[in-house]
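Notes follow once the structure below has been shown.
Labels A, B, C, D, E, F, G, H, I and J are assigned to the chains in the order they are written; within every chain, residues are numbered from 1.
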């Protein structure tokens, strides 16, 4: 099932640079593992902001929450989840 | 270039049913023509709302505005556009 | 899967009384059919408002959207959907 | 009487890990004691957020406030309370 | 039990004057009956607005909703309810 | 003259416990002195929140500001003031 | 006593032009009568908006509400009132 | 002096098409006359919305208000004005 | 030219008391110098808040920004500026 | 392509003065380099706020994000981007 997710990162400017670099490295590895597993099929940077729009494709709400709350940056993020349904005007969706 | 677009439709409940049906038929045809042309690659219904999240892939801001303002439902919509950049954690984006 | 739904009804005060009564009768029948089918296990009135909090239990986002957009009052409602996951402190949830 | 409660937890990311673990352990025990006493019949995680929707079933507003303000995480929470009334379309509610 | 209620009235300016006068007369009678019954102990006009702050004193959420949804102006109002608990600094509250 | 006041307290969770206890003790004494003087006739806890609704009865805006800005917790509060007028439906208000 | 008032006028664009002109003429006369009486000492247009900031100088909240609710445009206005106190840095205010 | 202005147009979808066309024709002529006079040096469409960002260059607040309130579409617009000052990092601004 | 300004002061409660006192002393002197020069003709405390409404009378936007950004409390303030035009109903404004 | 950008700077008041001065010096140099390259054609201070409105002229969303996220003050900014299209009433835009 598809979920639209917006993530806004609020890293404190005075975070220790080594800790910051480590967080970002782990976040990238975590994200890419999920992308390669097909669970995070879309990921875009919102231009001008430390934020992204993502599409996650997981079995259910519990898997979604497990994946999102496991993000290394989760304690520094505001996250908004929107469940996505099929659109009747979508080409190929029975039209 | 990619744009994230949220469209919220506000059709008045007392709209003439024939006019309503005509609007929706034309909206679907308009959308599907753009989908087939590769300019509207993603289209999802926001579950529970008369609204959608879309990804549009067009040459520039002017083409985007021309396409959106030409939607048959445009006079009845609230639209929010967000330009999308490449995300540094995206698999295949130079990572 | 469980979804938390808030529905706010905005019926125009000058709606024809017969139409209004018909809408509400059909809404009630529609809701009770889903309740009896186990798909709408919780339904509460928000005290003082023409609004409700509901829990829906359906197979996926598409079924959720089909059920909600089929509500007789749907054209008069603002609806907000929140997907619900298991809470780690819930008694009986592996605690 | 039933109350709908939304709780958003704002733990500072730099909280001492031992203090954090202790807080969460005590929160869970506190919550489960109330669940077992029948005062906290519903508890769901909001998918993707460090937040929950809860239903509390207590004698009155004073008991509600006593229970909520006693939460170990109370100083770190934003809480919104909504009183719930019977819904006229609820199956079994005199319909 | 005490509830704090804010009511904002949105009467359409083009409402038929006779209907308007009738609504307001019935609203006043309805309110005063509840005041005399001790269920609406406080009622203030918010200076400069067609709105009020009220304190209602009723048995439970259901009675509150019944009283509020029975207001002649209910279809024209936005209403916000807040349950009130005893304050620990209140003189006479066990201090 | 009557003023409706909402006070939201934002005490930092890491405030020194002795300082916190001292602040709250002084706040209570300050409030009760004003209550006994008839200047703070109503005080309710907003259920579930570290906040209150109050009615203050003072001579004018200047006295109101002097009293509120003298609260020991004033530096930690968000305060919203609403002037209250007589309501034409109030029993006893010339109706 | 001084009150800061913001008034936003929402006249429907399809209002009958004669009724509109009459409303505005009466509003101006009403306002100027209060200005001449010293009760409305300041009145500014908010540049670019059909709105104003005003200072009213009246005896109390009741007089304020009576004056504002008597405005010919009152049914078409959103009004926000803020009570003003003396500022300790004001020259001549005991500094 | 420079003012940043955002204008959002809210034309009712059921406006008479001839009236609509006439309004838009007059709006364009009005705008272009001001552009040619150097008083409206910048005008951009906000992509996807019936709205614009503009820069106006006029003598003072009164001239600004006169020009904006004279727009044929003024009764259908929400307008937000922001005064612009010189930026210390602007090349050529004494840097 | 006249500008309406709202200033909200957010001084951290744990600010060093000497630094706090120094800031406030310097703020008062700065403000009174401008008042005496006729550039800050109105200054009111918003009752119950650490905030003010002010009217500034300066030559242009640049002078306004220079004066406001030079306030000793500027780093601790949220400031909102509104340009004021003549109101057509103002007595003495050509009425 | 043109982008409208609003930047709000939130520098902590207790930032080390040397670090603050260094940040601002580097920000100015960074900005002026882009201005001289023609990529940042407009830059205005929002009067009374530590904020600016800017117009950026870059090849695409990716270049925009690269330039903005490279700002020395980026970790301290809230940024909002709006893509700008040609306006049909613009003189010279085919009118």
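Quick note on the criterion: a residue touches a chain if its C-beta (ideal position, glycine included) is under 8 Å from a C-beta of that chain, and two chains touch if they have at least 3 such contacts.
It should be emphasised that the depicted structure is a prediction, and the values quoted were computed from it without experimental measurement.
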For this session: Could you tell me which chains make contact with chain E and chain I both?
Result: F, G
For this session: For the copies chain F and chain I, give the interface type as same if over half of its residue numbers appear on both sides, and as different if under half do.
Result: different
Exercise. Which pair in G-I, F-I or H-I has the same interface as D-F, with over half of the contact pairs matching by residue number?
Worked result: F-I
Seminar exercise, completed: When C-E and G-I are ranked by contacting C-beta pairs, first place goes to G-I
Exercise. At what distance in angstrom does the C-alpha mean of chain J lie from that of chain I?
Worked result: 27
Exercise. How many angstrom lie between the CA centroids of chain G and chain J, rounded to a whole number?
Worked result: 39
Exercise. Between chain A and chain G, what is the gap in Å from one C-alpha centre to the other?
Worked result: 49
Exercise. At which residue positions does chain D touch at least two other chains?
Worked result: 2-3, 45, 47, 61, 64-65, 81-86
Exercise. What is the shape of the graph in which nodes denote protein chains and edges denote touching chain pairs (line, ring, star, complete, other)?
Worked result: other
Problem set entry | chain B to chain C touching residues, read off their complex | 11, 13, 45, 47-50
Problem set entry | Interfacial residue positions of chain I with respect to chain J in the complex | 3, 5, 12, 61, 64-65, 68-69, 75-76, 79-81
Exercise. What does chain I use to touch chain G in their complex?
Worked result: 2, 4, 27-28, 31-32, 35-36, 42-47, 52-53, 82-91, 95
For this session: Can you check the complex and tell me which residues of chain C touch chain A?
Result: 1-3, 60-62, 64-65, 81-86
